[in-house]
Every structure is written in C-alpha cells, then in structure tokens.
Amino acid sequence: MTLTLFFEQLLNGIQFGMMLFLMSAGLTLVFGVMGLINLAHGVLYMVGAFACALVAGITGSFWLGLVASLIVAAMAGALIEVGVIRRLYKRDHLDQVLATYALILIFSEATRWLFGSFPLYLDVPDILAQPISLFGLLDYSSYRLFIIFVGIIVAIGLYLLITKTRLGMRIRAGESDREMIAALGVDIRTLYTLVFALGAALAGIAGALLGAVQSVEVGMGGPVLILAFVVIVIGGIGSIKGAFIGALLVGVVDTMGRFLLPYLMTFLFSPETAANVGGALSSIAIYILMAGILIVKPKGLIKGAGS
Amino acid sequence: MMLSVNREQKLNISFIALLFILPAVALSMDEPFYITLMTKVVILAMAGVGLNLALGLGGLISFGHAAFFGIGGYAAGILATHYMNDELLFSAFGYEYFGTDNMLAIWFAAMFVGAIAAIIIGYFSLRTKGVYFIMITLAFAQMIYYFAIAWPTYGGEDGLSIYVRNNLFDLNTLDPIIFYGICLSLLLLVTFLVSTLRNSHFGSALQAARQNEQRLASVGIRPFGIQLTAFVISAMATALAGALFADLNRFVSPDMLSWHTSGEIMIFVILGGVGRLFGPILGAAMFIVFEYYLGGITEHWGLFLGIALLAVVLFARGGIVGVIAGEVKHD
Amino acid sequence: MKKIALAMALGLSVTALSAAPVKVGMITTLTGGGASLGIDIRDGFMLAVKQANNPDLSVVVEDDARKPPLAVQIADKMIQREKVDILTGIVWSNLAMAVVPSAVAQGKFYLSPNAGPSALAGKRCHENYFNVAWQNDNLHEAMGSYATKTGYSKPYILAPNYPAGKDALTGFKRLFKGKLAGETYTKLGQKDYAAEIAQIRASGADSIYFFLPGGMGISFMKQYTQSGVRLPIMGPAFSFDQGILKAVGKAALGVKNSSQWNKDLDNAANQAFVKSFSSEYGRLPSLYASQGFDTANLILSAMKTADVKDTDAFRAALNKADFNSVRGDFKFAANQHPIQNIYVREVIEENGVLTNKVISTALENHSDVYGAKCKL
Amino acid sequence: MTKLVLDIKHLEKKFGELKATDDLSLDLKAGEIHAVIGPNGAGKSTLIKQICGELTPDSGSVEFLGEDVTNLDVAQRANLGLGRTFQISSLIMEYSALRNVMLAVQSVQGSSYRFFQAIARDYKQRDAAMECLTQVGLQDRANICAAQLSHGERRQLEIAVVLALKPKAFLLDEPMAGMGPEGSKRLTEFLDTLRHQSPILMVEHDMDAVFSLADRISVLVYGKIIMTGSVEQVRNDPLVREAYLGEQ
C-alpha cells in the first residue's frame, strides 16, 4: 500500500461524502423546518435523475438536463407538499412515515409506467469526461472533483441562505418556534411549500449529478434514502452543518472501510477469507458508526432543530 | 355480571369469527390456496401484534422489527437444516446437538434468540428518543441484514430451504388447514397475552411511559426498564411469527431482515390502528388482500396500493379500527 | 397480472393428438429492480408460444417483484389454485432456491430460464428440475478460460458479497491459470466504486474481471471510464447485454464478455428468432429473451411426444431436448443442466446501436462441475 | 439540632457561559416548610431539576436522608422518598384521575412488573388511590380523564399523586401557579397540615402563601442564594427588598 493510494482513497472518501451531503441536505432541511420525516426524499432524487436523463437525451446537453432536474424535482416537491404533506404536519411521525411510504410506491410505479423498466442512459458532459492529473501523482476523475465543488457550493449556498436572507431568517424562526412565525405574520403555508420545494430541488439535483456516474433506473432512490437518513442522524437531525459533517464522516468511514478492512483482514486470514470477512465488515461499517455515535451522543453530533 | 360490548369489541369478535369461517369455506370449496394466503395473513398479523406492543402501547417506533422477524425465521431454518442434514449445530459439556424438527422446540429457540437480540438492541436504542430511536433500530436491523447476506454458512442472500415442514405432535403440518390452525391458535394466544398485558400493572406503566416518561420516573418507576421489557416481549412475538413464516414458505432469506419488511410490519400496525388490539390483524389482512387482488389485476399494482395507503392516512385517521370503532377509550 | 395469454385457436375443433392441455405458470420479475430481465424472459417465452399456436398450451404470468416470499406465495397459488403442470420464469437464484425445492417435491416440473444455483445442479438436483439457461458458474468459467488463453497474467476480480458473487469469482478462478492482482467483494447494491477503482489502479493488474449485475455494473463502467484507468475489461454477459448496453453507453465498447448465445449465432432458428422478436417488440432480443424462447420451445417439443399427466414420459421427452435451440447444439447433462458452447463476445457499435459480436468460442460442449454430486 | 432531610452543598450548573446555579447550598429539616423565592430567571427550575434528578450538576452534591443521591436518577430518588410536583401539570393525560394516582400507588407497591393481574381487579391499589384523591377533594372526579380536568383540578391531582407516594420529603414546584384565590387558600390550608407528614421544600411565587406557610425562606437571585431566614427576616431585609420584593 502506497501513500499515494492512501490519499487517493481519502479523497475518494471526501468525494463520496460530498455526494452524501448532496443527497441528505434537502432531507435534513425539511425535517428541521417542518419536523417531517420524508421517506419520499429518495423518490425525488429519482425524479431529478430521470428528468436530467430525459432532457439530456433529447437536447444532448447535460447542463440543460441539470437545470431540468432542478425544476422538475422542485415542481414535484411543491405538488407533493400542497397535495399531501401539508395535511401531515400536525400528525405524528407514524402517519408521516406511512404517507410518504405510499408516495414512494406511487412515484416509483408511475415512473415505470412512463419510462419502462430498462435503465436510462445518462453520461457526464464531455468537458468533464476525462481524468485530470493531480500534482502529477495520479489521474483523478474530473467529474468527481466537480461533485466535490458542487457539494461545497451547495453547503456555502445553504449557509448564506439561512444566515443572510429573509427567507433564511424565516426558516430559522420556523425551526425554533412554529407558532411564533405564524404570529409574526409570515405566510407559513407558502414558506413550507417553498422549503419543501427547495429540499426536493436539492434531492433532484443530487439525483441528476449522481445519475451520471451511477445508473438511472426505477428504485435508485431506496438505498439513497437509507444512506441519507444515516447521515442526518449522525449529524443531528435538522442541522445542515451536521449533515455536512455526518456526510463526510460516513463517506470517509465507508470508503476507508472498504479499502482497509479487507487489507487488515489479510493479516488474520487467508486471502479468500479476508476478502469475505472484510467485505462483510465493510458493508456494515457505517451502521456500526451510526449506532456507536448515537450510543455516545443520542441526538447526533450537532444539535439540530426539532430534536 | 352484564357484559357490555363496545363497537371495537364487536368488530374484534366478528373478525375472529371470519378467521374461523373463511378457511372453512375455502376448504369446502377445495381452494387450499386461500387457506395458505390466510395463513400468511395470520403470521404477518402476529408480527404486527408483536410490534404493536412496543409501538402502540409503548410508543417505541421501532423501524427494525424485521431483525426479530428474520432472526426467528433463521432460528427455525438453521435448526431444521441441521436436523435434516444431521449436521452438528453445537456441542457443549459433551452433549452434541443436531438441530430439531419439533415446532415447539423451534418456537422456543426463535423466541429465545429474538429476546437476546432485543435485549442488546433495546439496551442501546432506548437511550435515544424520537426519530433517533427510529433510526438506530433501523441501523441495527441493517447490520444483521448485511451480515446475513454476506455470511455464506447458511446460504447468504440465496437463503435457506427447509424442504419439509417441521413437525408438531402427530399433526400433518403440510396440510394447509392444519398449519393454518396451528398459526391461528398461536395468533389468538399471543393476542390474548398482549391484551392481558395491556390491562395489567405492567401495561399501565408502559402506556404511561408512552404518554409522559417524566411523570412515570417522578413517581419512581424507571421508564427504561419498562420499555426494555416491552421491547423484548414485542420482539419475541415477532420472532415467533418469523419462525412460522419460515415454516409457511419452507424457506428463509435475508429478505425477511430487510428494511422493507420492517416498513411493512409497521404499515400493518398503522393501517389497522395503532395501539388497537386487533389493529395489526386487520391491517395485515387488508394489506395482503390488496396486494393479492391488485397483483392479479394490474402490473402496476404498486401505484394503486400507494394510492390506497395514502387515502387511509389522509382520510381514515386512527386506521381501520379507528374509523369503525371511534377513538380509544381509557377508564 | 394474470394474463391468460393463450385462449386462442377456438375455431379449431379437431386436434390430432388428444393429449391433455398443458398449463404453465410463469413467476418472474416484472416490477422493481431488475424488472427488465423478467420482461425479456416473458417476451421471449410468449413469442415462442405465439408462434407455435398450440391450443393445448396455456400460460399464466405473475410478477414476483423480486421478493422471495411473494414468489413462494405465487408458486403456492399456481400449484394449489391454477393447478399448473409446469413452473418457470424465475430470474434470480435466491428466488429459485425459495420456490424450486418445494415445487418439484410436489410433483411439478420446474424449467429454469435464467438462474442456476449450484445446489440445484449438485446435491439438491431433482428429476423434475431442468435448467435451460446455464449453471451459475458457467459464464464465469468461460471468462477464466478466455483470460488464460489471452495471456492475462494478473487480473483483478470483483463481485458483490453474496452467494452468486462468490460463485462467480470461484467460477472464474476454476479455469484461470495464473495469479490474481486482487480479489474484492463489494457491498450488494453498492453504487460508488471509486475506492475499488483506486485499488485496481494501485494493484498493477493487467486486466479486470467483474460480475456486477444490473445498476451496479452500469455504475462501475461509467466510473471506470472516467477514472483514467485503461485496462481491458472482461465480464459475464449480464453487464453487457442488449437491455443494459444503452444505459452503459460507449464506455462498454470493446469489452469482452461471455455468453452461450448471441444474436449473430449462425443458425436458422436464431436468425428467425432475432427477426421475429425485433418486429414483435420493436427492440433487439437479449440473452434473457433467448433463454425464455428456448424454454418455451423445449416445453412445446415435449408436448409433441408425451402427455404431461404421464410424468415419467413427459420428463423423458424434456430430457431429449428435441428442439431447435437458438444457441445451436443443446443437450442436457445427467443433472439436467445444459451441455453447450460458451462464446466470447465483444461490444461493438452497429448502425448506431451498441451490441455484441461473437469473436471466439471459449468452451465447447461445456457442462458444470456440480453434476458429479447429483445422484440422478 | 434537627436532622437534615435534604442537604444541598455547593451546587454548580452552567449552561454555556450562563451560571444557572452558582455555589448553591440549601437544606431542609424535618417538620419544616422551606420556601425558595426569587425573580423570574433566577434559576429556580434548574435547582428543582437538580434536586429531583432531571439535571446533573456540574459539581456539588445532593444528600437525601443522609445518603448522597447526586448520581441517582429521577426514579431512584423518588423511590427513596422524594415526592415532587410539577410547575406545569405533568399528568398522564389519557388516564383518569384515579388511574394517575394508581400509578403512584403501583410504584410504592413495586408491582410494575406484574404482567397478568388485571389492574381493574387490584382493589387494594384502587382504594389507596381513592383515599389520596379524597384527601385533596377530587373524589367525585375520580373517573374523569386528566385531559378533561380543569386547571385547578389538575393541580390538586398533582398533589394527590405525590401523596400516594408517601414521600419522606415533598418537593413542590410552584404548587399555587394558576390557582384562583379560593383554590390557593384551600391548598395553603392543606399544605399546612401536610408538614406534619413530611417536610416540604417549595418554590413559589405566591407571596401570601409563602409568608403564611414557610418556616424558612431562601432568596435565589441569578443562581445564588442571597439570604436564608425567617419570614420576618426576609420581609425586612433591604437587600431582598431591592433585589426581589422591590419589583412588585
């Protein structure tokens, strides 16, 4: 094992962390402001990926697809909020779980009806298709660097939005006291629709960005949903900062676990057993991490709203 | 003494009657498949009744009950496989154990292993509250799920086939109606126990813990112990259901441990009515009937199932029992 | 979705053979992850049924959504309620393991159009179980043999951490003579392979063999192309077949993969199949479609000489495999798994569409190693 | 010297930079009523929470009946005989008044792990609970759901619950809060008789009640006890008048 490989893996971990952050930022935002458990988050991720693949397929431009993913996911989000979610804020978590689970079924099946069962084609834009050399040491996918870049932009954007804008002020007010902002005369219904649409747009754009390096197919949102929940629970539900830290932590632990655990196991077992045991351990590494953190800090690393 | 029967009790009684009448009808019409389908309902309902104890009475929203369902299933599968292949399961103090095909022993083992797992998972999970509890129970279940997929000894993702159903006394357990009878008896027994528990001293403390933990502690009853006990009993019922499910399908697989299974068990409970004695049973029945009939009509049955579930949440608060029998009454 | 597909030919009142009608129950994956495989199997199967136009054959199809318990429930229903004679259709090994043992124990025939878990080929083989596709190890063995012949000395191999993944790498290693640069088991359903690609790069491998079915393979290929690592890639047909190539895109060009079938195999049955499938469904057939097609034709061939109610005679008729397989020569080994050629294909672009071309034969008249353990 | 029932020594609790409890020492003797008064934000709730075990102090200790209970949790302290009421009624809202009290009786019985006996058949528990309800005058409301009781009745129920615990010391967090003048008067009389059963440490805003009940008064300002003394001493202390009474 060389040092270069180690750093490359660390970079991979951070990069994966950024992907996770993109997936989970919207989820934690919606929970923080509305106290809503949104299982349909993964579905919005899928909607974004499909919109991007469709538009990119027609126009030939990935960037137009990205814009489309943003718009379509936000619209789908607003539609869901107005049609269903709005009625659930006052309900307990159980009703929210059931309703958003139902939304998963509805959206997945509707998407299959429209697009069929075969995976869609979506590739990275040509300009980012070639690897670039980092410090002359290794070739690294330029698209992955782009994802790190987008992750940072989104993090900064959300930070500015929440701390510096009027909307952000209302969001913060909503996090701390839901009755108060209504008393302040803020139109809470519109605010919630807006926040939900924003959360959906974040999910959608994550779906489009990751769809280009993964596969665009019905059901792609399921694993993402679970990962995003792991991230925001580790970080502290409702906290964007927590989601950022949680995502990086999960990204690095998962990547380094996949890389190091099988390697470490070779000191204990034969190569084949090592691959088996290491593989098994690394697939549960992030859950062990999550359980461990919650045992020590039952409310996640960063104190978030609504917890 | 006059027995006053409220609407919920009437509903429960008529539903029990249906559980007896329908299979008899299916039997007389020579439609064994419907008996099999009802057996599935009864078994899944038992998993739901188990979860309902933790979730409905204790307010412990466990998103990881598939872990116990699957553990129960694997306990049955592993014992039966060892017995069939005459392979050593373990040896201790010079005693060698080769598994069993005796259902009683299998049920006991399933509940025992389920209880051990629940003590460990509950001990750590109960330190957290709310959404964190939901997620940490999910995390534990996912650990077991991925472990089961990757662990080759008992089939990994391919699962484990039992080939022949296990035995109970001299009954022909392969006969659908007899196996149904076994499962129904156990369901009624478990439901009766949960009902007894609900009205007991323990049940009183448990339901108080759901509503106001602070109050319970301040009168000197530790919520943790009460909740952990409820969690363990709940897991045992779900593990028993898992063992029966293994025998029904003559097969166990990690699918039983997946988060979808946890979600489905939870849906039975919510659909039927949280905290209602017969809620999970009605919920499971509705769900299976829906899945079965819609599946027979359209390839896109998921869409309609989704719409139906959504309609229940939005317009039928308190689940099916809630709609028919009204709000919960406490004395 | 109960589709009684064939209730046709009502006009025909006289049938030459008074054999009992045959009812086939198809349990396959039509929704959820991997639905495209089930759809292809069904479409291939139904095409053959339609072409045969045999009023004695009826088919019921149901979706298992890739859930083992649901597959078991449907199997129970088909046996107990629909009273089918033959079951078929299952795509996945784990579902097959859930359904097959108890179905054949109840005296039904099961014909596998895709999955071939080792247990069913060896110790747990059954006289009523026929595999019309391949034993799970076959395509991987072929690639192992190809890698040896091509002179690769240090391949890096990876597969998901589940039984089929382990069978895959075991199969590859069985016929590969040489050292491995590395061996990795990834998490089932994993979508990010940056860590694995970095390890491959660092391992000094001279080639890569992977078995990552479905979306996993698509993700791996895309990410591999962007990584700048340029090693020859090998895989089983699953990640490079017709249904999935479009989603992988040009990244797949030049990849060598193993298959017992390809649309350019030079036999009359195959040419007719490719032509009619394309015109019927408006897409090129896949490996899975060919397997579905062969399965239906095998049943039809047996129906010509035997009555399905006479189980022994029908079994013997199936065992003869007296039909024109689209893969050319096809017969059953003693364990009722195929003996067939396995080819190496290369992904090419043809008229703007990505597809495969056979470049060599990896293994001739190949069967599996588990047959020795089967006591048939 | 009378034996100390509660002995609180050098308690400290910080929330960030804010010292909510600052080197606080306080005691409760057998047979007395000790009232803690102080302006809003003085740290009264934080103090109560540390005494009953909801909050752990940063440093200092709480001794109850000669035993160090600083590291015990709420339930353990309650079992030792520390009976506490809440400032804002904290009841089991879906339970009837009687069931609320029965829960406390059950705790004393130690019967919370009885799984099979129906609670409806436990007449001993029911009778004991009924007796406590009668003591606070709620006997006619026994079967009314806590959620449907009036505010004043809930305060009474709080007291009934704590009576059922047969505590060795009462810890009352603003028992008069939200009671009408009539109700306050009756409760004051009732608490006066209660002191013979067990001593009372109470935090209270209602000065009439405090002055008529308390044997000793401690004045809490910014987390510190600025003085402890008799009613007369407190009434006449200029510092107290300035810091606290002067506000009114």
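Chains here go by letter, A, B, C and D, matching the order in which they are written, and residues are numbered from 1 within each.
In the analysis below, contacts are C-beta pairs under 8 Å (C-beta built on N, C-alpha and C of every residue); 3 or more make two chains touch, one makes a residue touch a chain.
Please read all numbers here as calculations on a predicted model, not as lab measurements.
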### Task
Using the touch rule from the top, work out which pair, A-C or B-D, shares more C-beta pairs.
A-C
### Task
Between chain B and chain C, tell me the centre distance in angstrom, where each centre is the average of that chain's C-alpha atoms.
36
#### Entry: Geometric centre distance via CA averages, chain D-chain B, whole Å
43
#### Entry: Centroid spacing, where centroids are CA-atom means, of chain A and chain B in whole angstrom
32
### Task
Please list all residues of chain D that touch 2 or more other chains.
none
## Note on the structure
So chain B residues touching two or more other chains come to 146, 149-150, 152, 300-302
### Message
Can you list every residue of chain A that touches 2 or more other chains, as numbers and ranges?
### Response
109, 112, 276, 279-280, 283
### Query
Considering only which chains touch which, how would you classify the arrangement: line, ring, star, complete or other?
other
### All chain pairs that touch each other
A-B, A-C, B-C, B-D
### Task
Would you tell me which residues of chain B are touching chain C in their complex?
31-34, 36-37, 40, 146, 149-150, 152, 155-159, 161, 163-164, 176, 245, 249-251, 253, 255-256, 291-292, 295-302
### Query
In the complex formed with chain A, which residues of chain C make contact?
30-33, 35-36, 39, 161, 166, 183-189, 191-192, 194-196, 198-199, 201-202, 214-216, 218-219, 222-223, 225-229, 243-244, 246-249, 251
### Summary
In their shared complex, chain C is touched by residues of chain A numbered 1-2, 4-5, 8-9, 12-13, 15-16, 19, 109, 112, 116-121, 123-124, 128-131, 138-144, 210, 212-220, 223, 255, 258-259, 262, 271-272, 275-276, 278-280, 282-283
## Note on the structure
The answer for chain C against chain B in the complex is residues 1-2, 30-31, 62-63, 65, 67-70, 72-73, 76-77, 80-81, 93-94, 97-98, 101-102, 105, 117, 119, 124, 161-164, 166, 185, 187-188
### Task
Using the touch definition up top, name the residues of chain A that touch chain B in the complex.
31, 37, 84, 87-88, 91, 93-95, 97-99, 101-106, 108-110, 112-113, 226, 229-230, 233, 237, 276, 279-280, 283-284, 287-288, 290-291, 294-295, 298-300, 307
